[in-house]
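Here it is, the structure, as structure tokens.
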Amino acid sequence: MVVAAARALTGRTSCFVGIGLPSTAANLARRLHAPELVLVYESGAIGAKPSRLPLSIGDGELAETADAVVSVPEVFNYWLQPGRIEVGFLSAAQLDRYGNLNTTVIGGDYRRPEVRLPGAGGAPEIAAACREVILIVRQNPRTFVQTIDFVTSVGYGSGPGERQRLGLRGRGPVRVITDLGVLEPDPVTCELALTQVHPGVEVDDVKKATGWPLSVGELTETAPPTPAELAVLRELEGGTR
Amino acid sequence: MELVGLAEGIAALVRDGDTVALEGFTHLIPVAAAHEIIRQGRRDLTLVRMTPDIVYDQMIGAGCARKLVFAWGGNPGVGSLHRLRDAVEHGWPHPLEIEEHSHAGMANRYVAGASGLPFGVLRGYRGTDLVKHTATLAAVRCPFTGEELTAVAALNPDVAVIHAQRADRRGNVQLWGITGVQKEAVLSARRSLITVEEVVESLAPQPGAVVLPSWVVSMVAVCPRGAWPSYAQGYYDRDNAFYREWDAISRSRSRFTEWLGTL
Amino acid sequence: MELVGLAEGIAALVRDGDTVALEGFTHLIPVAAAHEIIRQGRRDLTLVRMTPDIVYDQMIGAGCARKLVFAWGGNPGVGSLHRLRDAVEHGWPHPLEIEEHSHAGMANRYVAGASGLPFGVLRGYRGTDLVKHTATLAAVRCPFTGEELTAVAALNPDVAVIHAQRADRRGNVQLWGITGVQKEAVLSARRSLITVEEVVESLAPQPGAVVLPSWVVSMVAVCPRGAWPSYAQGYYDRDNAFYREWDAISRSRSRFTEWLGTL
Amino acid sequence: MVVAAARALTGRTSCFVGIGLPSTAANLARRLHAPELVLVYESGAIGAKPSRLPLSIGDGELAETADAVVSVPEVFNYWLQPGRIEVGFLSAAQLDRYGNLNTTVIGGDYRRPEVRLPGAGGAPEIAAACREVILIVRQNPRTFVQTIDFVTSVGYGSGPGERQRLGLRGRGPVRVITDLGVLEPDPVTCELALTQVHPGVEVDDVKKATGWPLSVGELTETAPPTPAELAVLRELEGGTR
């Protein structure tokens, strides 16, 4: 999943990075096939070049290796909002067929939910403003749901034309990378369809892991991780221990 | 500006019922000051912070907070804030009112507050369910283009508390590295307490530093390692083991209560 | 980012009819770039600048400008800008349209432009006659308090031109000292040209420095003393004698025309 | 005039300074009776302590001696606008009895004036936001006029209550220092009245230099400059030559 995400950054120029899988993927890409990739962290580190995986989005290593460190208001207002950043990585506890994301609450009432999740953070504006968004979510029927319990960040809303109507200027989610494969939005309906499966995964497995009747597009199989990819990944992850 | 002890500073500046902002974006989190607020038993606080982090998990679990104004409440790189969740999900130790924003929104609320404006404008929130639940959000129309954007109400806390690397003897404060939204938090607040690693004779200029002149700071308290378990660039690293440990401590009310007793 | 010669950079980025912002708040004024624009005979420019200064006096006298967007048009510490006055008062060398703001308004127009917003909000202009004459000003009401404030339309120039102390070989640009509104000017513009005192192997961190990463800069041109007669902190001082001399040169059309011939 | 302006800063904490007379007066005050006075220049230098008089508001000496140097947007938005600065100094080509100022155009039409002045600069917001404003203007019938040709900066507008109605949060002009004396606003009518004359100046001289029927309040005479004041002033002015 991480390797697939890193590969998705081929040819990209800049990436807005959160902690966890996205950070690993972006740093992996920078070491492998996208050495010029500019990593922008919401803590204000622009062009960070960490030698190990940061522990948090505000890790000191980010500030020390960055081309510029700016305030948090500036990173959102001057750098993210105008659409300067090409790719944003996001994850979620729930997503629907239009790539809308929930990271706020699950079940119950908003004021007294069954599960209180961390909340929005930078996600709504990353989803709105990055020129493209890549989602990384583990796929199972609890995360890939018919209806999300709370719209924290907008993918394609209720379908075609909705982003334009809402004034969201980025293209929206162009790819969802899961532990089973890759989904991409249908160019006409905006609905996410399976377009790639990881080695050893059957289409039926993916359908069973999806809470809506999953469309399947023209399918390819993910190339297995190369030894070089695995070696760099291990080195990166080793650095944080 | 007045140079005080930490206990004295908290006693003088933080009162029951206040709106209090403790800021520091993963770096320079004013944890020692938060612990002093817990020790002094402050109650009914409205806690404001972009990323509540374990510092607010502790204050919420200790019963200091009536309301939380925030954008992202997790233990960064680790997982959930269990005390925050317990308060919201089960009302323990008592119910917690929530005012929820995005990072961009919170940042612009501080900017508006620091600027003496009643609101800030951004492209954000549109199409999200936050709009239905957050009263400090509204639509605003551009008078030139007619485009609809989002307004967020200014934040003007009663007190801002931040941690910085150092101050000089006159009370000018210097912080560097990731400086987050601390300048805005202090400038938006009516009063401010700044804990520092050390007081030096004079502030040598430092790349990337933010300087807050003494005349916009209410009180400074020397508090070495005052940001632990977060970090202070140039002084000490993040104690990541404690962040992981906190996950275990905070999972159960009894282990948390035990921890609280040791504070 | 592309490293170019000054003439090449101006030819590639500045076109007749463009809206062009040359910024630098008394410090780091991109005068050499302005002279190159004059030499290349650009016409019908909308010149944008908080403080037109003698650099725009020269461009206006040379006939480059159709319109001026500004806040304060004087020779700082000396007196009037005679070429600017001659254009406004007598239409020489041709009439000059004016769009007039305050400093706070201009600064917020750049901020809005850099932020991808159509307008900025401030407390300003109310009760002044600028409101009657400036179309890029409007009232806006706070959706929370009902208070009426002033909106200013965003600035998004076709080109921003600034001068900086140095760039590295990859085109990252560093400037320090009084940095004015240069970051906002570059980030608000569609294209940008930055002249620098020198190109260095790598940018040593510098207190108070603003760094513009290469990927937001269109072109960099090496141009030693490119800010003369203004100053470049750490490189050379302001040539105050020339500012005074300019007063005499610019007072008469004939002396000015003579000066123009030497450019 | 400069000495009177410097004296007006006794007991003040912070001052927003423009170039020319205000800068000289503020620096004089800092060396004489207000050593803690914080000078804020609109170029972004906060707490500047220049050793000589700056040549312009963006003089390098200001940045080098300041406690903090911030961007121009920040100095206006975070420092001036919220009313953090106690005193603002302003001058003008024309002023009226309510302390409204013109620094824009004189005569003719706005688009084709007889005299084009520099314009607003920082003045409208200084006049609006500083907790108090001190004006320094040479007094003659061309500057002290019945009606100003253009309202660049608002004093008391058309009279009592106008500042509140416009949402201007500072008190407005509390003192006008001229080469003849000092005027202060009447607490009820807001109209400027003569309250102080410089040594050797007659009230009639001041009336003749004023384009409206000048009210005269309780009058005092300005104490002549002390040797210490003159010595420091000469030293300051010498430094810029």
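Residue numbering begins at 1 within each chain, and the chains themselves are lettered A, B, C and D in the order written.
Just so it is clear, a residue touches a chain if its C-beta (ideal position, glycine included) is under 8 Å from a C-beta of that chain, and two chains touch if they have at least 3 such contacts.
Remember, predicted model here, so these are calculated numbers, not experimental data.
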{"item": "Counterpart interface for A-C, drawn from A-B, C-D or B-D and sharing over half of its contact pairs", "value": "B-D"}
{"item": "Higher-contact pair (C-beta pairs counted), B-D versus C-D", "value": "C-D"}
{"item": "Mean-CA-position distance for chain D and chain B (Å)", "value": "39"}
{"item": "Distance from chain B to chain A - Cα centre to Cα centre, in angstrom", "value": "27"}
{"item": "Multi-chain contact sites of chain B, meaning residues that touch two or more partners", "value": "111, 116-117, 122-123, 147, 149, 183-184, 208, 210"}
{"item": "Sites on chain D at which at least two other chains make contact", "value": "77, 81, 129, 169"}
{"item": "For the chain B and chain A complex, residues of the former touching the latter", "value": "25-27, 50-51, 70-74, 76-77, 80-81, 84-85, 88-89, 91, 98, 100-104, 107-108, 110-111, 122-130, 133, 147-149, 177-181, 183-184, 208, 210, 231, 233, 237-238, 240"}
{"item": "Residues of chain D defined as touching chain C within the complex", "value": "19-20, 42-45, 55-60, 62-64, 69, 71-73, 76-77, 80-81, 104, 110-116, 118-125, 128-129, 150-154, 157, 162, 166-169"}
{"item": "Chain A residues touching chain C - in the complex, by the definition given at the top", "value": "13-14, 38, 46-47, 67-68, 77-78, 81-84, 129, 169"}
{"item": "Of all residues in chain C, those that touch chain B in their complex", "value": "116-123, 136, 138-140, 142-145, 147, 149, 151, 153, 205-209"}
{"item": "Sites on chain C touched by chain A in the complex", "value": "111, 114-117, 172, 183-184, 187, 210-213, 215-216"}
